[in-house]
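These are the structures, in C-alpha cells.
First subunit A sits with subunit B, and in the next complex the same chain sits with subunit C.
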Partner chain A sequence: MDDQKKMILEYVIAEYLEEDDDQEIDCDTELISGGIVDSFSMVSLKRFLEKKYSIQIPDADASPEAFDSVNKISDLVDRFKNA
Partner chain B sequence: MTYSANIRAALEQELGGIKEKGLFKEERFILGPQKADISVEYPSGAPASDVINFCANNYLGLSSHPDVVKAAHEGLETHGYGMSSVRFICGTQDIHRTLEQKLTEFLGTEDTILFPSCMDANAGVFEAVLGPEDVMIADRLVHASIIDGMRLCASMRDTYKHSDMKHLEQKLEMHQDKRIRLIITDGVFSMDGDLAKMDEIVALAKKWDAMVFTDESHSSGFIGKTGRGVHEHCGVMGEIDIITTTLGKGLGGASGGCVSGRKEIVELCRQKARPYLFSNTVAPVIVSGAIKVLDLISGNTERRDKLEWNTNYWRQGLTDAGFDIKKGDSPIVPVMLYNAKLAQDMSRDLYHEGIYAVGFFFPVVPQAAARIRTQLSADHDQAHLDKGLAAFKKVGEKHGILGLGKKEIIEKFGK
Partner chain C sequence: MPVSYEERLQGFDWSMAEEALGYKSGDPINIGWYCSDRICDMGLAQKPALIWENSKGAERTYTFDEIRILSDNIAAHLQSQGVQAGDRVCIFMDRHAELYISFLAVLKLGAVVQPLFSAFGEESLYTRLENAETNAVLTEMKHVRKVRRIRERLPNLKNIFVIDGAEKPLKELEQPLTMNALPAAPDFKCAETGPETPSVLHYTSGTTGQPKGAQHVHYSIVSQSITAKWVLDLQDDDVYWCNADPGWVTGTSYGIIGPWSNGITQAVLDAGFNTDNWYRFIAKHKISVWYSAPTAIRLLMRDGADLVKQHDLSCLRHLCSVGEPLNAEAVIWSEEAYGMPFHDTFWQTETGCMVVTNWPGMKVKPGSMGKPFPGITAGIIDPETGEEITEPGKVGIIALRPGWPSQIRGYRNNEAGWNKKFLNGWYLCGDQGSIDQDGYYWFSGRDDDVINTGGHLVGPFEIESALLEHEAVAESAAVATPDKVNMEVVKAFVVLKSGFEPSDDLDLAIMNFIRKKLSPLAMPQHIEFIDQLPKTRSGKIVRRILRAQEFGEDLGDVSTLMNDDD
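Then we have the complex of A and B:
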C-alpha cells in the first residue's frame, strides 16, 4: 500500500469508526454504500484531502461513488494532483 | 385512472419488503387518555389489555392533568377551535404571543417563535439563518428532524463523533474559514438518554467563535434543578444561541414546538422559516393548555422532583436486577439487548405481563445496539415501578440475560 492510501485509510478509521468498533476496513471496503461514511460526514474527508494535498475537488466530482473506497478516493486525489 | 395496477403492485412490493425485514410498524390503540395506566387494543380488534405505560414522552404526567384539560376547555371557549390562517396573515392571537413570552422566560432566552411542531422548527431554522458561507457541525446522534432540517439548508454540513469534544474541536478548527460555525446537538439524546456536555460545548464555542444549537425536546420541563433543560443542568443558561423544543412531550404532550434564542435569529425565522410561513400555527386550545403547563411548572418543581426520584429508583432497580442499561441522568432508560429478535421477544413478553415498553433496533438505532427503551413519568407511582421491575426481572430470567453484559449477550443471541 502506498503512503497516500495508507494516510487516507488511517484518516477514515480515525474519523468514522468508534473506539469500540471491531469493524475492519481495507482499501476496497465500501465506505458509503457500506454505511461507514454518510453523505454528511463526507465533507470532512473532502476538506482533509484538499488541505493535505493542496488540491480543490469540485462538488460535482465529490460524488458518493468517488468516495466509496480508499482506492477510489486515492484515484480521485491523483486526478486533481495531476490536473 | 392513473393509479395503475403496476403502480399498486410496485408499492405493495415495497411494503412487503418492509415486512420481510421486520421493520413494519403497527399502531396500538389506547382506549382513553394518555397516562401511566392505560388500556390498549393490540393487535387491532383484540380485546383490550390493561398495561402500565413505560414508553410515553409524558415525562411530567401533564398530558391529562385536570388543570391543563380545564385550561384547554377555556381556551376553546374564549379563542375558538382554529385560526384558518397562517400567522402573518390573520392567524395570530394574543395567547400565541403570551405563550411565546412565557417560553422565552422559561428557557432563559431573548425571544421565541412557535411552530406547528418541533419537527417543523428543526426543518425551518437552519435554512432561515444560515447560508452557503456557513457550516453546521452536528453530533452524529442528533434527532432525525435535525438531519432533515440540515438537508434543507445550503450550508456546509459536517458531523462529530457522539459527545466527543476532542473531535468537535478538530472540526471547529478545520472550519475556521467559514462565516458562521453552528454546533448542533440534542440536549438529551432520545435513544441513549444521555445528556450533551453543554458546558464543554459552550466553552468550545467561545474558544472557536461558534454558535450553539440544542434541541431540548427530551429535557424541557424536567432536566436542571428547575426543569429548564440541559443548559440549566450544565450551568450555561443564557449562553445558548438557538434552542428548539416541543410542546408534545413533557410540556403537556399535545403538539407544537418552537425556536427560542437570540432575537435576531427568532426574527429571521419569522421572516423566512418556511414551516412557519406556510402552515397554521398551534391551535388555540393547545396554546391555552401549554400556557397552563408553564404556569404549573414555573413556580413548582414537585412533578420534576418526583420524576427524578422515579428515574433514580427505576435505574437502580434495573441495575440491581442485572440488566445492562445505558448510564445517564435522564428519564430515558434504555435496557440494552443488542439483538433485534431478543428486543422484540422481550417487549412482547413484557406486554403479556402488563408492561408496555417497545423494542428498538436497526435502523432506528445502530446495528448490534437493539434495546427496549423505557421512559419514566411523574405519573408513575412506586407501585407502578415495582410492578414494572418485577415483570422485567421475570422476563429477563426467562431469556437468561440477567447479569450478562454486551459481550455475553451477543455471544448468546448474536448481533
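Then we have the complex of A and C:
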C-alpha cells in the first residue's frame, strides 16, 4: 500500500469509525454504499483531501461513487494532483 | 385506474378511513396488532411483509406471520426484563430487520417507541433520551458505545438491549437480544391500547430550544393507512420501497405503518447511497411503488438517464417524493428517465400523515406540492392577522385546521412550544406558500430559521450550543445556505476566542467536531470566521440577516441592529 492510500485509510478509520470499533476495513471496503461514510460526511472527507494534498476537487467530481473506497479516493486525488 | 381526487373528496369522512381499517369506535386500537396480527387474520399470513437486504449482500424475507410471531417474542422478552406499558423505548440502530419488527413489538407491549437516526452523535442522542426520560434502548454493537458514553447522565435508563451482543463483552445495564433465538411467546397478549394512547415519539427541530418530542398516538394509523393506500396508490400485488430511515417520521408512517397496515410487501435496503445499486435493487425485487426524496432524486439525476437504461425498471408503476419541495426539473427528468413523474407530497412530523399531495392520476404541475388530502382543511394564512388569504398566488403561511387523526397530541414536556404553533384556530406548518387559481399549493420557503437539509429539519440552536463547546468558538450563528443537491446545508458563522486564528485546519476540526457530537446532517458544510455577529440592541443574534445574505435576498429591516449603530 502506498503512503497516500495508507494516509487516507488511517484518516477514515480515525474519523469515521468509533474508537473501539472492531470493523476491519481496507482499501477496497465500500465506504459510502457500505454505510461507513454517509453523503453528508463525505464533505468533511473531501475537505481533508483538499487540505492535505493542496488540491481542489470540483463538486461535480465528488460523487458517492468516487468516494466509495480508499482506492477510488486515491485515484481521484491523483487526478487532481496531476491536473 | 385509481379513483379520482374529485371522487374521493365527495363526502369524505375519516370514519371511512376507520372502516377501511376495520376499526370501530370504542374498540382497542394498537398499531402493532394492525400491522401484523390483523393482516394474518385477513388470510395473508404467508405473504412476504419484509424483503430485507444489506450492503454485504445478505438477504432475508419475512412473512406477515413471521413478523407477527417475532414481534410477539420480542414484546414478551422486553416485558420479562421489566419494560412496561407507557415506558419509552428507543430504537437506535441501522436498518436491520430487527428495527422494523421491534417497532411493532414495543407498540404491542403498550410502550412508546422512540426511533432515533443511528447517525446521531452522542450529544444529539443524549438530548432526545433525556427529554423522553427513556427507559430502554434497543441498539447494536456498532452504536452501543455512544449510549455507554451518556448512560450515567440518564437516570431513567434501565435496560440496553444489543441485537448482536451475544458472546460480546457487554457492560452494565446491557444484555443481548438475539431476535431469532428468543423463546416463543404464543401466549403473549397485545396491549389493548386506546386511540389516544401514546405510540411513537419522534423528535423534530425548531428555531429555538432543543429538539421537540412530537407525541403520536395509536389512532394515527387511521390516516396513515388510508393516505398510504390512496396517495401511494398501493395495490395488493405491489412491492413497495420507502427510502426513508425509520429514525424520521417518513420511515415509520410510510416505511412501516402505511404499507404493513395495508398488507403490502415492502423492501428495505440497509446500505448507503449508490445509484447503480439502487437500480439493481429495484429491478431485482420488482419494486412497483417507490417513495423517495428530492435529495436522492437529484443525486440520481446527476448520474444521468443512461444508467437507468442499463437496468430493467419496467416494474416501476408509481413514484412519490417527500422531504423538501421537489423542484420542477426533477419532476420533468423523472418523466424522461423512468417514463413517469415523481409525485410530490407535503407533510411533517407534527402532521403524522401526508396533508397536501399530488394525487395519482391528477395532472402534475412540476414544482407544486399538489392539493389537500380529503379530510384535510388547508389554507394560506396571513401570519400577522391569522386571516385566510384567498388571493391566488399571494404568499402566506401554509396552515391546517386541527383535528385529523394523526396530528400529534403535543410536544413532550413543552406545552408552550406546542401552543405557539396555533393562530386563530389554524395549525401553522412553518412553511410559506401560496395557492394558484387551480387550487394547487406551491412552497416558497421556511417561515423560521430551521434548516431543511436533505429533507431533514435541523435546528440552529442545537448546532450553536454544540459549537460553543469547541475550545476555539466564542459565539456562532448557524443558518441555511443554498445547495444544489440537498436544497439547503448548514453554514456556521463563527467568532473565535482570542488566541485562535482562522485556518483550514480549524475549519475541518470544527466540522468534524459537530459531525461526531450531533450528526452528519448538522455538520456545517461551510464555516465563515467573522469578527462579530449581527445582533439586536438586546444582544439577540439576527440569523435572518445572515440567511438573507446567503440566499441573495433583501436584508429587510436592519434598523434595530446593534452592530450598525454602535
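As a working rule, the second predicted complex is superposed on the first by the 83 of 83 C-alpha atoms of A that agree within 3 Å, B and C clash if a C-alpha of one lies under 4 Å from a C-alpha of the other, contacts with A are read in each partner's own complex, and residues count from 1 in each chain.
Keep this in mind: a residue touches a chain if its C-beta (ideal position, glycine included) is under 8 Å from a C-beta of that chain, and two chains touch if they have at least 3 such contacts.
These numbers were taken from a predicted model, which means no experiment stands behind them.
More residues of subunit A lie in contact with C than with the other chain of the pair subunit B and subunit C.
By the document's definition of touching, both partners, subunit B and subunit C, reach A:Ser44.
Look at A:Gln56: by the touch rule set out above, it reaches neither subunit B nor subunit C. In the superposition on chain A, A:Glu65 makes contact with subunit C only, not with subunit B. Applying the stated contact rule after C-alpha superposition, one finds that A:Ile32 touches subunit C and leaves subunit B untouched.
Of the two partner chains, neither subunit B nor subunit C is touched by A:Asn82. Looking at subunit A, you'll find residues 18, 38, 40-41, 43-44, 47-48, 51 touch subunit B in one structure and subunit C in the other. Those residues of subunit A lying in contact with subunit B across their complex are 18, 38, 40-41, 43-44, 47-48, 51.
Of all residues in subunit C, only 55-56, 94, 119, 142, 145-146, 270-277, 299, 302-303, 453-454, 484, 486, 504-505, 507-508, 511-512, 515, 520-521, 523, 525 touch subunit A in the complex they form. Within the complex formed with subunit A, the subunit B residues making contact are 138, 140, 147, 150, 156-159, 161, 171, 174-175.
Residues 15, 18-21, 23, 30-41, 43-44, 47-48, 51, 59-60, 63-65, 68 of subunit A touch subunit C in their complex.
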